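What follows is one structure encoded as structure tokens, with my remarks underneath.
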Amino acid sequence: MNEVYITRRETFNSAHRLFNPEWTDEKNMDVFGKCSNPNWHGHNYVLYVTVKGIPNAVTGFVMDLKQLSSIINELILEKVDHKNLNLDVSFMQGIMPTTELFAKAIYHELKDKVKDNGASLHSIRLHETENNFAEYFG
Amino acid sequence: MNEVYITRRETFNSAHRLFNPEWTDEKNMDVFGKCSNPNWHGHNYVLYVTVKGIPNAVTGFVMDLKQLSSIINELILEKVDHKNLNLDVSFMQGIMPTTELFAKAIYHELKDKVKDNGASLHSIRLHETENNFAEYFG
Amino acid sequence: MNEVYITRRETFNSAHRLFNPEWTDEKNMDVFGKCSNPNWHGHNYVLYVTVKGIPNAVTGFVMDLKQLSSIINELILEKVDHKNLNLDVSFMQGIMPTTELFAKAIYHELKDKVKDNGASLHSIRLHETENNFAEYFG
Amino acid sequence: MNEVYITRRETFNSAHRLFNPEWTDEKNMDVFGKCSNPNWHGHNYVLYVTVKGIPNAVTGFVMDLKQLSSIINELILEKVDHKNLNLDVSFMQGIMPTTELFAKAIYHELKDKVKDNGASLHSIRLHETENNFAEYFG
Amino acid sequence: MNEVYITRRETFNSAHRLFNPEWTDEKNMDVFGKCSNPNWHGHNYVLYVTVKGIPNAVTGFVMDLKQLSSIINELILEKVDHKNLNLDVSFMQGIMPTTELFAKAIYHELKDKVKDNGASLHSIRLHETENNFAEYFG
Amino acid sequence: MNEVYITRRETFNSAHRLFNPEWTDEKNMDVFGKCSNPNWHGHNYVLYVTVKGIPNAVTGFVMDLKQLSSIINELILEKVDHKNLNLDVSFMQGIMPTTELFAKAIYHELKDKVKDNGASLHSIRLHETENNFAEYFG
């Protein structure tokens, strides 16, 4: 039998700012534009976590999506929802909070715990706005 | 020339229940939670069927999407729409109606007929709710 | 100051069937079509509850939407989610579970509790599918 | 001839915090929960501006929607997009940035300029998340 | 008992052009911008038809939505879908095909037939793009 | 470090017609149905452009999405938005404007300019309607 891919969608809201402290304000504004505004801005992020595996012969589940949701809530949402990505989130310290690097960081936070539950983390898709999203496959 | 992938979206409504008749009600409730409720529940399923191929030199079609829609209607929707997946659907008999196994079953129902029409079935994506979906690639 | 209207969206999944027990199966099929299929079908319902009022001078809230969500969960979702509208839902007994009458019934279940919390129930909008919805204003 | 209503949708991203400086942090957390977190959070707001009027006999327009979009951009988006509603937005100073009061404030910012352009502002609908929105009709 | 409102969503695709033949090309471009381009452009229109009435005591229907869909298909979609609003649609002859006037024209095409079926036409909402829509209430 | 994929969504509106001038009208109608109607029809196209690469060590960007949006606007949208794909678009001359071939043509228009900006074009996804889309990976 072949692998099946299942995806859980979750949403959360965070503030952030794109800003390199080693640069002047002018250079930050040059590179990051209004994403660099000093008093923060924020987003309703939409997160798609895709795991893959052979469905269990008895339950028909690759992994119980309620369990996957619990893992995402514990390891990601409780740390980022209604928080400031630059100031409040330990796993984002020292990382520029672009959609690209945030998606990658979420991937690495979730990978082991998904494996412990018998599935394999395939990808993270993270929407910052309705027009912009990033995907990371490890 | 390289292959192009085209996708047709269809929707349907079904009742189902996750339930293992060899288990007690307590064990079913333990494993499947409210998805195991005895009087059924249901979903507006959203189905994405993706086929691939080299576009025809004259028509520019990988496959006529009206034709693909007809095939999906004949082989899938007439059997599952406004039906009970556990009781009414012949191709789901003996199969736990999780999103994973339902997507896989749909893939196998469609594969040959898509091939007969000159394209190749690439994937089935099946959304059970706005937060949960499964994908199968054969 | 004028009233502001606020809306909370919630989702749930139920099975149902349109069926008049005083009619023959043929007449039920004539009137209700496949919505009358004997083994049920189901939907991902989307519910919009709109309340209105003057925002509180200190909090700026017409009503705390977390509180509105709690009320909807207690009075509606716990009774209808993953349930059969014809068989399991006390407030729908003796009522044909069309979108129209279901929306009206939800309105009457919620009205007093919203008032107890200082706002006024304005409307219920209930989507049965992406193409069909009903609204009731009391 | 009767009035026709036309609506323009716009999107923007802001940071905010629900916080009463006259209260202790505990009381703020009690009333506003995680919306009160000190380092801000943010949203992708979706704004619907509805104006009404008799369509012009020659153009068929109630109001040119490109013009309406320009007015919204000038009077609202340039002030709130990628900004902090509590700190950066002059028309929100002294106002708790709930969805209710933010919608009302936007209504009053736009009303006169819409009138100057020959139409009448009917309503503001402001979505803070996919589950929460406010409407104000003046 | 009070009235309930029910809505049917339909979609169609048309070409159109905003153009006043009594004006020069320059004046048309001034007023209508790229909507005036000579070789047409087009849209995926989304149409919401809302009717109201007292639900039937036996069926629970304000009006059978399958019947409403049939009426919309016969009176509107067969005339406008995959057609040119300026050239092909009899009920739009002599009318500038703005969203405003197109919504109003659809209202008048549907009104009597809805009444013949025992309900009352409440409104037409017509989306031209994801950012622009018009509503007409008669 | 592994590659990250980022996607920019853009929308535009065009008219088109599926028509082979070497065929009779009957044969065109046979093969293309109402998509062959002589006076054109049109769509709100939704375009997803996905590029991949290693995020820049300093900015955290695979590629600045504002820059990607500018490139798409310059090379695609200015040529196709509010235009007729058969008559007005130089890069579609001699190409049947099916979703498949239009997606492929957009891919080839964008490929080099994305490379010049330090990323790699991964795929084009082009939605013609809410039910039909095509993808091309080069």
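All chains are identified by letter, namely A, B, C, D, E and F, in their written order; residue positions are counted from 1 within each chain.
We adopt the following convention: a contact is a pair of C-beta atoms (placed from the backbone, for glycine too) under 8 Å apart; a residue touches a chain by one contact, two chains touch by 3 or more.
Keep in mind that what you see is a predicted model, and the values were worked out from it rather than measured.
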Chain E and chain B - chains in contact with each:
C, F
Considering only chains that satisfy the touch condition with chain B, which of them also satisfy it with chain F?
A
From the C-alpha centre of chain D to that of chain F, how far is it in Å?
33
Geometric centre distance via CA averages, chain F-chain C, whole Å:
41
When centres are defined as mean Cα positions, the distance from chain D to chain E in whole Å is 28
Chain A touches at least 2 other chains through residues 130
Interchain contacts (touch definition) - all pairs:
A-B, A-D, A-F, B-C, B-F, C-D, C-E, D-E, E-F
Contacting residues of chain B [partner chain C, same complex]:
11, 13-16, 34-35, 37, 39-44, 81-84, 87-88, 129-130
Please output the residues of chain A touching chain B within their complex, sorted ascending.
2, 4-10, 50, 55, 58-62, 65-66, 69
Name, in rising order, each residue of chain C that touches chain E in their complex.
18, 20, 31-33, 95-101, 103-104, 130-138
